[in-house]
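Next come two complexes, and both contain chain A; in the first it sits with chain B, in the second with chain C.
The block that comes next holds the complex of A and B.
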């Protein structure tokens, strides 16, 4: 039944799709990034767009800022999500079921949704500010701290946490439910403390799922445009906004430069994901591969 | 033990408030006439406003239609591509399987701003920018990793054992597919359909960039209203988004579990 012809038939839709829309796009931008862009009469190949980009102080500063931001927000989401998933994993708990249903809600809604709610709640003339003024903690909206479009990207981090903590919970709870309880019982039986059982048995079994969720969240935070555009600070620009602005300016002589930035970004993200996966093999239980 | 229960209750309540608060604020925003600083509660609530807007506003209806068209198109294309791929990955052992496993996740790992600008560039070359197929392809690219993973996790549980049995007992390939493969994998299929629907509905940049402004979906239309400070209209779109996402997904869920009970 499992013939080679059938295998090729099964794999061809995916391969064709990726070839046409993903790899050809990648190849085209690779060629363009070397400076080959006949439409504009540019036909000489060189690496200078890459060396320029890597020497560009503005680009590097934005790159570094975005990287730290993505690392921090993805890490926070994974940490909070893991703690919550552990708190509500057991089925004997009356809150588990409604908790899991609640956690699915933010996964289904777009980022703009939570952005709109945050503006109404946390802007200087928002509801929280009104409440604090009413109670008398602050005198006027001027003394409410700037939480959106601020220097520290607090608004963007809150938005991502609202979307990603539930995402981590949903993906971990699925694994936790399938997880073999026997290992935990054996550990308890052999006299391990609760902390030891958690650290040496449960967490290692869950590690692959946490790492996956971290990589997905990191890549998203590193390269998505809409939230930094809406809630970002203009003096502390984020990388996706920087690249998108360059792209839609419509200056075609700039295209090779933009494509080189894109490729630097892509290679970096793949390398970083590889590094995280490699590191996770050296974390507790990584070598067993978990489930 | 009791203190632990109370702690859990507190955490649960805090979580519920944090999740539901934004939904509540948007709901109130959509039905309030005036709600400005420093009032804590809308001065004037008009329950009919939302429904009048939904029925009379042509822009809203156009957005709703584009969203649904794209979502349905994306779900169909994603399943058509993801199902055979997941079958190949779970049933077969072949050279390059590891590589393919990594390839599947690439659209998720590479930052979307890079993927989309590259893709826009090639779509213009194909002449697909602004077309239905172009936008659906862009959405599908982001759905595939989720769909393949969900289907694979489900297919790997039984592999093709039941299908071989079914064929051995004289069932045709089509019968086997509809009576064995699909029922056994309905959980994976449900997950893949739901996730593709959600990813397509929530896309912003892909829809705008590849669609050349031809497909102004609900989540795209919320953008200008938010940046211009027209929060009330943005909230109306937000509520509509919630309705068309949560209701179909809930219905699918009920339908699948109901069918599952009948089978079992």
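The block that comes next holds the complex of A and C.
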């Protein structure tokens, strides 16, 4: 049994890190967002950067677009990942075993690798386009549909799915294997069909893991900068790109406004995660007794 | 009457069950007793339709394939459902109408004494309460055949005895046929008048508890039931020779092991079967006016249960067999 002193000692590096780096940065951002930025002679505290942002139609449009986009990508990744997880759950199957191993690979790769791979594959001069031109399915590179930097952000969605579907699979398969067939057998013995067992037993038991994966994916998608920057459409900007663009313009008088946008993005992301968790508690499977 | 007709089970190269033939009376409690790894759970899974045997059938009186409802060793209540939803799961999947479902749930919860637990989740219940819910989940289906896998192994001693009585009561009330497996012989004896001994995937003996203890059919059964001395010696015809006892025996098999159960076989009152003279090394109180006596015979030790104060320590006594001893 650890003594109290030992426990404090062991936890202190983490606490110190959080205190000095995370919370001090957060406090600095918060104060700046209230208009306190002495370097530029701004010392009056006010909420007007927040009210301005929330009344700015451009900002609200970008915010809403980013939210819908993050929601759709995370939802799709969870849906596809859940379906595949049920296929991959058997670890004694000679076919699913190598596929599951392969599916784990994108989880380990950085997003930038997948972005560059997609550019190589799906740009109009990419591998797929060249191949289709060579075998005569399309006449020229120009006939290949625009999948990257396009209006519908297909490139970004594909990148997220490529990375996040395997993440969902890995998260869920581990839970499914832990559950093994225990509850399926009970449901079967009590007369349930396979479909009833799936809806009433397996899926609800998996729901907490799906919700966790969804929150992680959504938070990443909502705050991600590099993928929308490289693969997104300039006219359909995403919120992190919009904020970063303002930041690198070098106008320091704009910094309180930039910080207020940054905090709106962060607080919304956390609040939305909280809302999803709260809702999930009221769905079937919200109470699992730690299983 | 239920019939297990030559049931065998093989997984890979492992033979788990070998041609099991049994008949089980309806409206009775039937125990399958055996050591861990003997194939008990596999057999029960076949009776529940969870596993399919590689050979053989489980049929009811009408010759139809039968499937029992199982109460699992770890209860396996659905952790995301309340007690009410757990209990009504089987009715819900059969699309029973809501008012009937509620009425049956109310009735069974009253019978099981768990009405106040209706909105609780399994992780908020004690072991005994979980078992009652698991039983209610099965009994609400108006079943005929209830299967129980090591039903009392997770309960403490006091609760185990209470649940044993409760299961007996349920059997009478619902006129159920209960088949349960266990590796505790006391559990099997307390609950059932007919016990099958399953060892290494084979039914070795089916008998009443008293018969099993007094007349095990082979050495494997005798060793499994325990509470006996096994004395090695040599055998020619029906004459046994060993440092403890030499003389006439009843030969069951030719392995040359004398079977002396701790209780019922050795006594001090004279019979026509003198056993041996032995020195009393130790006495241990066993409860219920019984002592376990350690007897030394020619540097060998034999145990037997006698009435309290029958013998004194460090004294020599002549012992007799109550009947001709058995050699396996």
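In the analysis below, the second predicted complex is superposed on the first by the 281 of 291 C-alpha atoms of A that agree within 3 Å, B and C clash if a C-alpha of one lies under 4 Å from a C-alpha of the other, contacts with A are read in each partner's own complex, and residues count from 1 in each chain.
Everything that follows uses one rule, which is that a contact is a pair of C-beta atoms (placed from the backbone, for glycine too) under 8 Å apart; a residue touches a chain by one contact, two chains touch by 3 or more.
Here the structure is a predicted model, which is why all the values come from computation and not from measurement.
Of the two partner chains, chain C is the only one touched by A:196; chain B is not.
In the superposed model, A:205 makes contact with chain C only, not with chain B.
Applying the stated contact rule after C-alpha superposition, one finds that A:28 touches chain B and leaves chain C untouched. A count of residues in chain A touched by chain B and by chain C gives the higher number to B. Residue contacts after overlaying the shared chain place A:38 against neither chain B nor chain C. In the superposition on chain A, A:120 makes contact with chain B only, while chain C stays out of contact range. Look at A:187: by the touch rule set out above, it reaches chain C but stays clear of chain B. Taken together, the chain A residues at the contact with chain B in this complex read 1-2, 7, 9-14, 17-18, 21-22, 24-26, 28-29, 32, 84, 87-88, 93, 95, 98-99, 102-103, 105-121, 125-127, 129-131, 133-134, 141, 162, 166, 215-216, 219-220, 222-226, 230, 239-240, 243-244, 247, 255, 258-259, 262-263, 265-266, 269-270, 273.
Contact residues of chain C toward chain A in the complex are 48-50, 67, 69-70, 72, 76, 78-80, 89-90, 92-94, 121-124, 137-138, 141. Residues of chain A touching chain C in their complex: 182-183, 185-193, 196, 200-201, 204-205, 207, 284-291.
The touching residues of chain B, when paired with chain A in their complex, are 8-9, 11-12, 15-16, 18-23, 25-26, 29, 36-40, 80-82, 84-85, 87-88, 91-92, 94, 100, 103-104, 106-115, 117-119, 121-122, 125, 137-138, 140-141, 144, 148, 160, 163-164, 167, 198, 201-202, 204-205, 219, 222-223, 226-227, 231, 234-235, 238, 241-242, 245-246, 249.
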